[in-house]
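Next up is a structure, given as structure tokens.
Chain IDs A, B, C and D follow the sequence of writing; residue 1 opens each chain.
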Amino acid sequence: MTSTTLSVAMIGHSFMGAAHSHAWRTAPRFFDLPLDPVMSVVCGRDQDRAAAAALKLGWAAGASDWRAVVHDDAIDLVDICTPGDSHAEIAIAALEAGKHVLCEKPLANSVAEAEAMVAAAEKAARHGVRAMVGFTYRRVPAIALARRLVREGRIGEVRHVRAQYLQDWIADPEAPLSWRLQKDRAGSGALGDIGAHVIDLAQFITGDRIQEVSGRMETFVKERPLALEHAGLSGTASTEWGPVTVDDAAAFVAQFSGGAMGVFEATRFATGRKNAIRLEINGSRGSIAFDAEDMDVLQYHDATEASYVAGFRRILVTEPEHPYVAAWWPAGHGLGYEHSFTHQVVDLVEAIADGTDPAPTFADGLQVQRVLAAVETSSDTRQWQETAP
Amino acid sequence: MTSTTLSVAMIGHSFMGAAHSHAWRTAPRFFDLPLDPVMSVVCGRDQDRAAAAALKLGWAAGASDWRAVVHDDAIDLVDICTPGDSHAEIAIAALEAGKHVLCEKPLANSVAEAEAMVAAAEKAARHGVRAMVGFTYRRVPAIALARRLVREGRIGEVRHVRAQYLQDWIADPEAPLSWRLQKDRAGSGALGDIGAHVIDLAQFITGDRIQEVSGRMETFVKERPLALEHAGLSGTASTEWGPVTVDDAAAFVAQFSGGAMGVFEATRFATGRKNAIRLEINGSRGSIAFDAEDMDVLQYHDATEASYVAGFRRILVTEPEHPYVAAWWPAGHGLGYEHSFTHQVVDLVEAIADGTDPAPTFADGLQVQRVLAAVETSSDTRQWQETAP
Amino acid sequence: MTSTTLSVAMIGHSFMGAAHSHAWRTAPRFFDLPLDPVMSVVCGRDQDRAAAAALKLGWAAGASDWRAVVHDDAIDLVDICTPGDSHAEIAIAALEAGKHVLCEKPLANSVAEAEAMVAAAEKAARHGVRAMVGFTYRRVPAIALARRLVREGRIGEVRHVRAQYLQDWIADPEAPLSWRLQKDRAGSGALGDIGAHVIDLAQFITGDRIQEVSGRMETFVKERPLALEHAGLSGTASTEWGPVTVDDAAAFVAQFSGGAMGVFEATRFATGRKNAIRLEINGSRGSIAFDAEDMDVLQYHDATEASYVAGFRRILVTEPEHPYVAAWWPAGHGLGYEHSFTHQVVDLVEAIADGTDPAPTFADGLQVQRVLAAVETSSDTRQWQETAP
Amino acid sequence: MTSTTLSVAMIGHSFMGAAHSHAWRTAPRFFDLPLDPVMSVVCGRDQDRAAAAALKLGWAAGASDWRAVVHDDAIDLVDICTPGDSHAEIAIAALEAGKHVLCEKPLANSVAEAEAMVAAAEKAARHGVRAMVGFTYRRVPAIALARRLVREGRIGEVRHVRAQYLQDWIADPEAPLSWRLQKDRAGSGALGDIGAHVIDLAQFITGDRIQEVSGRMETFVKERPLALEHAGLSGTASTEWGPVTVDDAAAFVAQFSGGAMGVFEATRFATGRKNAIRLEINGSRGSIAFDAEDMDVLQYHDATEASYVAGFRRILVTEPEHPYVAAWWPAGHGLGYEHSFTHQVVDLVEAIADGTDPAPTFADGLQVQRVLAAVETSSDTRQWQETAP
């Protein structure tokens, strides 16, 4: 039991808000947290809908003025679950108000915004205020295990990274134009929304950074019916049509700081693939592979074994020895998508209590933003592009 | 929002208690329930540990006298998560006190107890009191989909059922003697604990009943160190040893009412298999297959397709059209072990509100008990044994 | 290059004859054989069809009198590819004539016939004449590797064997009545034709024998249209119908000499499964698993590894270190069904040259026959049945 | 039975020569060919080794002067299995001598050579002389089925191609410097040797051409011990070292003529991957996927199905309705690597008999060469590069 509380405000209450709320509710039930999170307020653009969300999601109150919320003395931490165009403004305000910040990815819609956020985070850090960006997939147990295996030297020197994030939810040309397909709201399309995840994961697992890229972005379907109403990722279609202003798909070849060659792809047009975050990393001593459509599994090949018994192992990442797993169920009992959000809350609360900087930091988020920008530039200039500032 | 509440008491707070508590906490957050569950009290043998469990698991209070709890007028429903030897006594008392009952599986430790429970449930049902047995795997979306496909006639007449529940948590002969390995507490070993699940699932999915069986039960490791303390499924070992009084593994051939041939196996000695509930059902028009170690997937083969494009499909059971899934995440985002407990709560609360009998009923639980008993008898007599009363 | 030849006669030239011919043609091209096989004569019931088969399959001549062939001084070895009802007569005649014999499985259609064949083989062995029964799946590299791993002690003490041979070629009730569905020709149905393979494999890999069984045999479709003409496994249907006199499916539980529990199933009604020979063997230190529909792969789990990196390995059995593989292609290049026949020829020719008894012996074939008979008896008597003579 | 023969000479008798010889021996045994191939002569640099190869591989004679062979009036067809640096010279001489030519891939070591070969083939074609390049993987049944599904419109408009050829045979930095790692012999490294295969397959299956590319080539290990002696793909190492003059790995993004986005990768450093030719193609109505390490399988997703039963199907490409399969074994019995060479012979002999041009033509081979050259240029210039002449 903890004597000290951590009062949390969440901004935004759609898909990501539901996932974050579940995490705040659940983390203290399965983990022993050093601080006791209190779900104080959820903030949306509309007061009534925010109040309804509070009741449904388990927050003590609903609010509609995010500025008031981030300046409320009773609040210790601001959890930002809005679209990318408001991240910078809210996060900077919260940090300046001395609140810890958890900000959904991508950190921002532009490198410039992300730089401003990093500056704010660094300034706040001097006063013990913490900032973290929500690349939650790092906390899928199989991914955390992948990182551990690489760190232990089990795959040796990394030579190849192949990373894909494949979805198909807009493969149908009649699917409506959600905010995620509008550049002014979303900042980027497949590249920024889902490609950002695999960029972060590839760098996280290998411990290396992407140094230069050459890629291509594509919008297969240029116009779509306007969305009348948002519901999850889809929404209902209108009879009016509007232009798709983001990329439907992106692919690029990359060079890593450690010498590895990378191949990346992000698309929402891979028919039959629903949430296929796939990573395969080949090193001089072994390989690992992951697919989020089989999320509790990490494939691992140990090339130092006698060749007659060597093979990719299907590690079912549900053992008590695996990252985060001991808090949950007996071996073999699978975890789901939302567990990584719970793990994120656990790690964030522990970092705050310990007075350390939680990873991924805003600087990590900025670095991903720079890779995204370099891919975009290379697609425009038809040349290789460095990611360094 | 619902105006009427449903006050719940839970008896027992170890592994199953944690899963049930999560379900009671979570169901109203993701589903629109017709009644509002209130987590009133959790009851254990020790008052202090019950109070601590209440705080940790989200119950308003802890208690140590289950009789007082089941007779408390403020309680509407009793959720029984204790070992099998106390199920009958608690359930019957609760039903007689007019409380709805959710009882963990196996329903009881003997056919006689289960019969008494069914009688109590039938009597209570006349007064609108509901009873349900917790074969939660029925509510894994892939299993519910399997049932739907069979009901739709997609696999035709069922000819083969092969069902396995494979674990390995006591493959090590030094693993301690937990209560699950003691006949007086657990009633049965692998057969009753895990075999019961696949028997229920096979009958649920096919809609047929097992009529006769011939099987064998085996205790590979006859003596084990006594367990000092229970922690999940394992526990710490003592230096004293005691006899294992239940089966380590069981296997049987079965005849189904609809003419299908069944082959069943339950073991805790299948090295490398952690929670492999595997079902394959072959019909005259198609087949389905499931493995709980890949829980979000149902394999389906449609034998009426042109043979050049026919093949087992890996259906990722995460679409909004799939059972229970619309309440959760976008397509492709996996669910975990605990979700089926949440679905169980949803279905139970809806049945109570609708005034209908929730399945699986106590009669379903009794029928599974009769299959277990027939397997045990056939193993003793070395002859086929009918399951009918 | 070899100076000594081995003159071969093959009796029967349908499906099995084609596979054996390919093996005789191919073995000397990829392996260094100690004797040079000469494909002298192929024998069938019809002279013209035998002559055509000779030309097509690469034999020097065709013949129609098998008795003349087995007594021909120019012949060293008789390869029997006929249906089971003629195995005993031909094999015994050939052995008595001093010819080495390779006989397709099942060894015979009854235990009595098989016993006579074993007696003939033992008598012939005193004169250096060799006899072998064609359980070719032993020579699939993945199976041979499985045997090696068990022999090396890698899976420890064997506790579970689950073995299935699943096909679906007569799942359609209109499929014609081939000779394989007639007891007088085929001896047995699914049990004898395909179940025999998995019985042999389970005993071969574990090194243990099945001691007692309890099973059930089933004929789902009792009448079928007569076959007009045989073509591979199917044939063309007539308008007349006849009774199916063999089993469509069989299942049994078994006790092994080493204490392991076995579960076996053989069926031609497993819709969507084409040639699914599946074996999973769980031991105290590890497990192995095989599926002939993914024939170049052996799954292996090493339970002695640290649990955080343990998992079933998909060993691609195409390395030069793997049994038989060095003679073929570079690593990763798959082999097919017919390769095991080629390996059978290699092992047989080497045994003949070395003057050793090639396995599986006729005694091995007899022992399988006894298991088949015990399953049949147990299905009739509804009791456990011992397999010992 | 055929009355007309086709007299074949093969140049080169190492790895590819063994595969081609097997094909020439086997094709007439399983297929009804319109011409009867006669294996007349095999030609190598050394007369004795060629004579030994003739005996081992089934050719009537060995020879060491390829010029004499291609001008021999008794020869109808020249099958070129030498390293790429001699393809152009031999093929052009043979075509000019009026011989049909089967030439191993890659067609040549440079675009210029390939252009000369195409010119020679076109000239010869006017006289009914046929030329074919050996991209054998087109004739793996699963690949031929993929092409059929695309042609039938089953996956709709192609949007994504992801193609990889992953091997690991030189991941060890001590692996010797075979001729395949020397630019003057091999022309190119991973890109030309194995990347060529997936470029051809991607274009073959989609029916589209790659128009422009941006890529990167890498030599991870710059120096290796010299090989003393060649044996298959490996060889024995010397104590002297030499420079690796080809690429170890290559990756590129591509634009297809039909609008699809492609991502390609070829490497010999993907630890644990032995012969992983992987293709995944996503279209507007469905997707297909293939992996040569599971060669008898094609994955197919039909996006027009009801979403609750949709999923990638594992089509076991062993049905009589599948391309080439009817000639082989019953359903479910796998084929191996060498079968595609046999199918190549079948298709080539049929084209010669029919008087049609066998695909892939030399022009197809040239087009692949142009893609290879464009990737190389783009890697040098760090810019996108068009593939058109």
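Definition applied: a contact is a pair of C-beta atoms (placed from the backbone, for glycine too) under 8 Å apart; a residue touches a chain by one contact, two chains touch by 3 or more.
Every value quoted in this text rests on a predicted model; they were computed, and no experiment measured them.
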Most widely separated chain from chain A, with each centre as the mean of CA atoms: C
Which of B-C and B-D has more C-beta contact pairs: B-C
Computed distance of Cα centres, chain B from chain A, in Å: 35
Chain B and chain D, separation of their C-alpha mean positions in angstrom: 54
For chain B paired with chain C, centre-to-centre distance based on mean C-alpha positions, whole Å: 42
Multi-chain contact sites of chain B, meaning residues that touch two or more partners: 273, 310-312, 316, 319
Residues on chain C engaged by chain B in the complex (per definition of touch): 155, 159-160, 162, 164, 166, 168, 171, 173, 214-216, 218, 220, 249, 251-253, 255, 259, 261, 263, 265, 267, 269-273, 280, 282-287, 301, 303, 310-312, 382-384
List of chain A residues in touch with chain C within their complex: 145, 148-149, 154, 300, 302, 306-316, 319, 321-322
In the complex, chain A residues that touch chain B: 1, 15, 18-19, 21-22, 25-26, 29-30, 55-58, 167, 169, 232-233, 273-276, 292-296, 316, 318-319, 328-339
